[in-house]
Amino acid sequence: MEAWRTSIVDSRDGSIRIRGYDVTTLMTARTFTDTVFLLHQKRLPTPAERALLDAILTAVADHGAGAPSCAAARLAASGNRQSLSAAVAAGILAVGDEHGGAGMGCMEMIVAGVARARREGVSIAEAAARTVTDARGRGERLPGLGHRVHSIDPRTRVLFDLARANSLAGDGIAFLEAVAQVVAQQIKPLPINVDGALAAVLHDMGFPPPFGRLVFIIGRVAGLTAEVAEELTRERPMRIHIPVTYDGEAPRPVE
Amino acid sequence: MEAWRTSIVDSRDGSIRIRGYDVTTLMTARTFTDTVFLLHQKRLPTPAERALLDAILTAVADHGAGAPSCAAARLAASGNRQSLSAAVAAGILAVGDEHGGAGMGCMEMIVAGVARARREGVSIAEAAARTVTDARGRGERLPGLGHRVHSIDPRTRVLFDLARANSLAGDGIAFLEAVAQVVAQQIKPLPINVDGALAAVLHDMGFPPPFGRLVFIIGRVAGLTAEVAEELTRERPMRIHIPVTYDGEAPRPVE
Amino acid sequence: MEAWRTSIVDSRDGSIRIRGYDVTTLMTARTFTDTVFLLHQKRLPTPAERALLDAILTAVADHGAGAPSCAAARLAASGNRQSLSAAVAAGILAVGDEHGGAGMGCMEMIVAGVARARREGVSIAEAAARTVTDARGRGERLPGLGHRVHSIDPRTRVLFDLARANSLAGDGIAFLEAVAQVVAQQIKPLPINVDGALAAVLHDMGFPPPFGRLVFIIGRVAGLTAEVAEELTRERPMRIHIPVTYDGEAPRPVE
Amino acid sequence: MEAWRTSIVDSRDGSIRIRGYDVTTLMTARTFTDTVFLLHQKRLPTPAERALLDAILTAVADHGAGAPSCAAARLAASGNRQSLSAAVAAGILAVGDEHGGAGMGCMEMIVAGVARARREGVSIAEAAARTVTDARGRGERLPGLGHRVHSIDPRTRVLFDLARANSLAGDGIAFLEAVAQVVAQQIKPLPINVDGALAAVLHDMGFPPPFGRLVFIIGRVAGLTAEVAEELTRERPMRIHIPVTYDGEAPRPVE
């Protein structure tokens, strides 16, 4: 078999290098968040970039035991206490476009919107307006707006303020705020949620759209591990009973 | 259905609290590593504790594309490019006693060994010697020693030095070093690997054994996300061909 | 890389052979259940063996949307509608010693019990009595007895009758029925559940203990696929709200 | 919490009904393949339908240890020998549009093509030609054609012959064969692969497109369980070494 190629880690007897940096130096001179940034950006972050990434990872770490990812991890732990990996993985599998995954779609919308402003020679605000019009025409939801629990997501303001205070705010934040404003005028106020906020900030920090989902997974795994540990420590096996109503075919004989 | 109970996160409209702390404050005043510590220890870490946990998470983040976890994630990404979650989860599923999971077993050995010293009224060193003798008698391997790539794991010294410099070294490190010494005298030199090192340090920081596996998952997910991103960016779908030799039944007719 | 070796499938241009049999012949001359048997036993089943394996696979296919495996699959589908594989996998991850997995433990108990009868020169019934005594002494539960929903599991009688009618009943059924009788006399009536029943039957058909878990996974995946399909067809995304009560630390400031 | 609703299984003390049928009757009067059909079609199959579904499930059960799904399952088993569920789930996670999942896309293409013939008032053959032209214009691949191992997939002919012999062949097979013919004339001969074949047959049997992927998962899990069992029985832990070449950043100091 041909060897696989990689530009991430070079590991040989007595030496492990991540993107060229010796792991033992990273372990003492840098933080884990720096390592996350390095793995995905191929360079170490500035203090401002580190602060933003720390804020994002903490923002998505956990949202309560009833979130689909947390609940799926607990259900797996409830039936399968032999494998911590299995329970955490089950939690991650609940992450998609609908749960924790809007960041990626929102980053794709931002990339397209900013390119459109350039291509059509209009302002970011006008590109946002056109994006909203198009989405409404296709009957599509705009990713990154609204939340099923929060009428105003408290994490959004913190991320945007932090980006501005660190001079990291750019077209991404501008575009998404313009989208939210147009939506508020034309439809109804739908505050930017944490997925939208992290999408705008990560775009302005130069990350590609898929990182909008991967960063959620990295942060959420911290919460999932705690949920699984609590389930195994505090609860007995198979304690979960989901109530079910059957509304299918009446009893019938096998012909 | 009875409500589930949790002591991890309280989330309600406009407010998310992790172990009592407002998430928006944690986002700006603390690091992601602090959040990991908080989720599992129910309190925020000291700077020394944070430094140790940062070092551990970076130590296990990635060990090259050919590690079972990384390779499993890449195989999943190769056949299923629609779900980043699925690929990352496949990588986590390769983590167990044999890969990345020795930390948990090693922490259990340390807990038992330290309790034994107390119970049998002997020194940590003597308890270590008895632990080795027992394991040899049962023909069992001692977790946390030896590595298939590294003759000396460079991450071990860094973790132990950091623990000592921060006055966090305790019975865990003492016990495991004594075990390694006895093994070197009685069998052959088998250096402490990163799983053993993080087990000893986490024990001395007050973490329970399962965290020895969960911390590996948290750290490794950073690497897995990068491996998956690289696979999707640099490689074409279904590019992986594992060479296989068939050595089973010869062709035969269905009777 | 050295080629992997396998005795399962030989596939080359224009030809696929499973355990030596041409797949195109198997497709028309045999059933899928025959293929399952062949994959695990290296030979095709007799009609009696096929009938038993069909009955077992149908017995475990589904037990309602609230079973941990089914509920985990639905939660994953609810948050991640992009990957059918991810949702089905999440369901499988909830299968372990506690849910759907008692078959493996029960087969291990049967293997040990039958060996004990031989080794200690006693009857199967006496070996069963000694097994119960030992388990009670160690405070351990006996796998394969009792069910959280069924006071009498209706599937057990069907499997045992079918095994007897087909002359496939052996030491496994005898041993487990003896265990249940001793438990009923000494503790309380705990009927043999489907995991116990399939364990006894599979033991008598010559399968090794791990197949007691694998057969559950093979059967249950039929149900999981239907649960996922129903979730995606009948329900809207993120419709699941698990009620949660927080009982942790009161609000506190970050020092 | 509101009870979940389901039309699949009604299970209560002493009784389990699948789509209205008592499971104990299904266990003895019907095959597992019938149960699969019932779970997804809400009715029991005719003998002809059962024969087709049996053939499809066997066709996709396994394609060799090097297939992404089989290799991912083995890698997980190699690092994590504690959980059979985890290894099987890792294998399923490698199933997507690129591996084993073309059936779903092909069924969607067939549904669209047959609707187009009706809508545009043209023959199935003409609709196929227009579909190919459109796909070429968009630079898209046609799902269900070509195979990386087989120049002619031996399973396709068997499935189509079986469908015709059982009077189950309809617009699906006609459309896909027309597509293959147009492709052969305009581009190059690309034989219909097993994903395409099962897509056409399942369409003609009335299954919806997602079943084109789910049926692959159901069949493949039979093979995955055998691959995992072989890995654990024949191989030692962590035996897999994937060769890797590093081509990233040269060693550099942390600034």
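As written, the chains take the letters A, B, C and D, and residue 1 is the first residue of each chain.
Methods note: a contact is a pair of C-beta atoms (placed from the backbone, for glycine too) under 8 Å apart; a residue touches a chain by one contact, two chains touch by 3 or more.
Please read all numbers here as calculations on a predicted model, not as lab measurements.
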Those chains that touch chain D and also touch chain C are A, B
Taking mean CA positions as centres, which chain lies farthest from chain B?
D
Report same or different for the chain A and chain B interface, where same means the shared residue numbers exceed half of all residue numbers found there.
same
Distance from chain D to chain A - Cα centre to Cα centre, in angstrom:
30
Taking each chain's centre as its mean C-alpha position, how far apart are chain A and chain B in Å?
23
Cα-centroid distance, chain A relative to chain C, in whole angstrom
36
Where in chain B do residues touch two or more of the other chains?
1, 4-10, 26, 30, 64-66, 80, 82-83, 85-86, 89-90, 93-96, 101, 240-244, 246
Once bound in the complex, which stretches of chain A touch chain D?
1, 3-10, 17, 19-22, 25-26, 29-30, 42, 44, 80, 82-83, 85-86, 89, 93, 242-255
Please give the residue numbers of chain A that touch chain B in the complex, ascending.
1, 4-16, 18, 23-24, 26-28, 30-36, 39-40, 51, 53-55, 57-59, 61-66, 71, 74, 83-86, 88-90, 92-96, 101, 104, 149-152, 154-155, 157-159, 162, 208, 210-211, 213-214, 217-219, 221-223, 225-230, 232, 234, 240-243
Using the touch rule from the top, collect the residues of chain B that touch chain D in their complex.
1, 64-66, 68-69, 71-72, 75-76, 78-83, 86-87, 89-90, 93-101, 148, 237-238, 240-244, 246
